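The two complexes that follow have chain A in common; it is paired with chain B in the first and with chain C in the second.
Coming up: the complex of A and B.
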């Protein structure tokens, strides 16, 4: 079910990027009286916080510009009215510079919501009103939500919202989205505007004599030919032509080639004239006049500063230190290492409790269920498989909590800024940091949202390079595997090794990106321009919600996909079983051994109770000899099973990397989901060891196994970190790029991982 | 000594240190933003580069004649620019194309 849900999300997301945003089932079910509201604004203005506050939806709120890539829909009731609200991606303008801007603009023009709530950051009014002017030019029914009034007050900024409303001619409602203050009034105003049933009337802003004249000429031509007027107002289309908006030019070409050519010629003439006389393009003049319009409003007593306007805010002062060329990277490394220490040292005890819980469950099943297939499936398939994955929930929770602090405080955006210099050297973009971090750059993410987060990158080649290399990061699914192997073979320096393997993941991903950018993805670099959000104290509620959301995803995955795969793998490892002739041989051997002891000893072994009885020397000897036979039989059954045959098939090749057929089974299972590696190892190494009380933890079992040592562990870690992404990620890559790139990703990653593992294993063996 | 007085004295000392360590060339700067090596107020003279970059900069308020505050000059590399109440991070390619003069 979880896989279906993920695939559904991918398909839905794809539909959205293709600008075919369809009204959701929810809105179809709504009555005619329902109101459709769009929530729009700059990144980090608080849209998602307000959306959560109004709908109660559990959606992630990040402090990174453009985290809301897709539009999200929710609904709620207000005074008996049903309201369907859409959270649009954060944008600075409505010109097609990025995917977010295209998505927002197309939503407004195709869906035509009853009202648009433009959320404006009161502490950064001038920049935020730039988008407002474009909504006014578009003519959408608008209400301004003046958010973060508390932050503005702290900065000594006083805003006369009534005056602003009067000058703009639209309602302005002061709110604090974090606390919900003012949201009731906001919704009342939104309903009032929606009910007023006004037509979309665009606001005329003058762009100077030269442009206004051309604008009138274009508008006349558009109106005469009804050119694109079914979706856009003539003035809006004319402005977009002047701004040289790629998407609008293409639409124009599709609608009327001849008129589009004429309009482009007219715009070309004025562009040449402006370049010659003023050395600027029309879009710069348009932007200048929009900012002029905003200033003319603000200077009419809308905003007053209590303090000196030139003073730097605390956030800027912190940036002087935290983004310093020398200090910045040192602080960043310190913070990331601190995150590891926090995660691994604090989670140790709860992880031990979880292990204890599953051991206890195993013991209960062991004593309750009769011997047979069901008992074997429950212990080897379910408890060892799912338990192994769920045991890491506390660790994952601590990791996500740490990441949420970095995200919500605004520090993660600074990491992107600092890393841009490094990323550029590898043919990537500073904005690639977010997909890398989401995928597990700070171990614990997931490649699926990481691949989706690459949509914020505007350059197709940098996007593709990021998309193909994010699966190299240590996602939340790989972390338990890393923790298991590092804990078992390098127990004394767990945090250090974990940190080193994370650094290795970064290095490999970056060099792989460089390789791709030099070969299959050659091309020019795209500029890195991003607005940094101010530093904010994260709210405990926000941190808890973000941590729980991600942890719950992990738990759900363990309870659905991994449970299914564990049982499937158990079946693959159990069937077809040994041929009857071999079973008879083992039974005969068992009978021979048993009959060689006296009846009293046989009875002692049969009646043996683990908790109360102590065996005599002879009985203990018989028990151990029978156990040896049982293990030999289980081993042979496993080798004869479907999974064993697959593992054995690959063994002649995998042996160069130090993997035997048992490890091969786990690696195959890992393609379904990386967590499955643990559950499969758990199942493989417990097949001959059904007696739970005698069983060591998986880590100890691996250390004791003759086919494992620290060199094999490092080789396995490297293979696990870098081989083919899990199948959900592969599907996601296919949806975001194409199946060709998805198959390329699987082949490229697996080939690289195998050769790297062989190299490590062979060198490790040579060095002894 | 109150905390305010101490802060004032420290700021004064820091300013003196800064003045001593920064060359005359740096203080009166006219050229690409990427070559600015002193934090402080600047005036944007011109935005060059391709059409898309100019348009993007314009929409973010980086326009000729606008005053801004350079927060983190990292000569020859990226920088942080405070303009229209927001803080923009710009890479070297972009800041090479923004011609500024110190105010």
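Coming up: the complex of A and C.
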């Protein structure tokens, strides 16, 4: 950690110097004739799909709300014009109620894009136009992209977009973001609006006699004092004051304390009046009038329903079964088990091919390279280390394919919906479900984006409880380790064990969250409303892209980070080697044994060819005795190495959980990245003293090692699932919370994991 | 002897690579505009923002 602290200081210093450079780059970009476009809209309206379509970025599109926390930027050219496009987080309004809303609003007021493309879901027009009215109130240059026209048509909804454009006074372009239909016209209209270089003029919407009067009074005061006018139009500021917008109130206090106090007093008076006379707050009246404005537009023949509006859509019909209180969870568990069954059964043969490939590679190096340090590194560090991780590529690929089907069809959002009910029982927020799933709730995610996804939670305590428990999920790095141990010790019921360990991860994470919420993170739960997107047929192209993207990340990580760490760990397991005196002892023992046999037998062993020769009884005996000496020497060399000494240091404690010093080395390596557990075990068992056939897979080597059995395997599985998150996740927790919480996470998780493993090992041994 | 030299070079290269990776992770940790996921390289990162950002660089 001292190294991290030093790096932190270096980076902070470098960041300071970089700030000036960044500013000049932005200034240059601003002076160019490129057009800046902001994509905004409700969650699941198709913003990210349109963003990907326009920029060509292959960013994953999820179905759960709030996938985008930060804004994303992309570039593309249209008719020779460079368009810089920003994908803002999905929001339902521009009130400073959630992080996404603040991010979107701040971007619009500080960056002031040339044009805003408001993606509106045509199948949910009325609800989506609520955000549109707020853009109009803000006065931003706006173009509406009327998306999902095909879905609206299927639902019998017909929208007269030209009429809508006329009534709103802005261009409305019907599009289908998924296929790209209408996007050319959309960009043409966006360029036209951007080039028109109009000032931001807010649309006046009436909020009723009482509020309109106060509004005029506040606007006059704001304009007179130029109060916050450099960023916001006076009318927008006035509306936000009436809505008791926390962010605007704070900014007002900072800008002009006296005027802010006066405005708050005026708003307070009207609030009291409305409360007394109508029993409502101004923000409720404003929302009502916005919806009134929308209704008045829609009633002018903008939208017609061909079918009965009470008719159940296909998605609703499916949801009647899949999200049913009783049937839904059973179906969910069935699908999860089916996913593992599919993954294990389909990947069995390709995994065996991969094992064969790496054995073959090992044999090639064994015969071509002369004995020495390089040969040891290539075989033990690279082939047996990294090869162990790469061997699971087919399995990972099948698993990701299954998960991609669940995601792209919209089923994963239903999982989140059903888990929401459970989450509330454990003191977590409904928004916590998404970070859990992203972290590997179904297996195969990553805790880093999971930790970052907790940004959507507004309550700091609920966010912290989620942030600290998402690393308990079985991320993509833990999966191959789990598969290795389950495959080696529970080969007959692989899918069942994988399913049970996934369930265990959820249970532990939820109970840990409950424990945190009852102790260090006590507090009330906040309400949550979740939107379910319609089911969609996944496209084969989409499934292949999503599967390949993730599989490629796995391969890339194995070929870069894991390879680097494996080589370093090999060095730690090799040096400083045995002292000369001990080497002499082994050499002497070898000479004594060899000399006790006749010269003919010695020559037979020396000239022995593995592939063609058959040894005599005496020669075989000599060969085996020499091999025993060699294994004893390599075992002692490994134990005497830096890594071996560290592993041995922890052995007096770890032995209570059933882990010997070799396993300890792997567990320590796993802190760098969980896949390193496999590569380290591969290297340890390649270099160590285990008497097995050289061509054996790591799983077989573990089974043959007397210090491993099924009880140790379960104990190790539990420890691996729950101990300290990997280094990157720890840094991410520090970034999202603080170093204090990052260290807490490491200590809390490791302590829990160790005691759980000890319990399992001791009880398992007692039961025999 | 040549095996030792090559091995030492490879180990030094691995040390440099991992050190550089560590440096960037910490660098991204202190920069609020950066996502750590862009450097962690996990398979789960395809659901985060880094892919689009990397594609557009």
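Just so we're on the same page, the second predicted complex is superposed on the first by the 725 of 768 C-alpha atoms of A that agree within 3 Å, B and C clash if a C-alpha of one lies under 4 Å from a C-alpha of the other, contacts with A are read in each partner's own complex, and residues count from 1 in each chain.
The definition used in the following text is that contacts are C-beta pairs under 8 Å (C-beta built on N, C-alpha and C of every residue); 3 or more make two chains touch, one makes a residue touch a chain.
Just so it is clear, the structure is predicted and the values come from calculations on it, not from any experiment.
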| item | value |
| --- | --- |
| Partner chain in contact with A:130 - chain B first, chain C second, else both or neither | first |
| Which of chain B and chain C A:551 touches, first, second, both or neither | second |
| Partner chain in contact with A:725 - chain B first, chain C second, else both or neither | neither |
| First (chain B), second (chain C), both or neither touched by A:396 | second |
| Partner chain in contact with A:439 - chain B first, chain C second, else both or neither | second |
| Chain B versus chain C as contact partner of A:41, first or second or both or neither | neither |
| Which partner reaches more residues of chain A (counting touched residues only), chain B or chain C | C |
| Chain B versus chain C as contact partner of A:73, first or second or both or neither | second |
| Chain A-facing residues of chain B, complex | 39, 41, 46-47, 51-61, 63-64, 69, 71-72, 74, 77-78, 80, 82, 84-94 |
| Touch list for chain A against partner chain C, complex | 3-4, 7-8, 10-12, 14-15, 51-52, 55-60, 62, 67-68, 70, 72-75, 369-370, 372-375, 377, 396, 400, 438-440, 444-450, 452, 475-477, 546, 549-551, 553-554, 556-557, 560-561, 563-565, 567-568, 571, 727-729, 731-732, 734-735 |
| In the complex with chain A, residue positions of chain C that touch it | 3-4, 6-7, 10-11, 14-15, 17-18, 21-23, 25-31, 35-37, 39-49, 51-53, 55-56 |
| Residues of chain A that touch chain B when the two form their complex | 92-93, 95, 97, 123-127, 130, 243-244, 279-281, 283-284, 286-288, 291, 310, 312, 315-316, 319-320, 323-325, 416-417, 420-421, 424, 430, 525, 527-532, 534 |
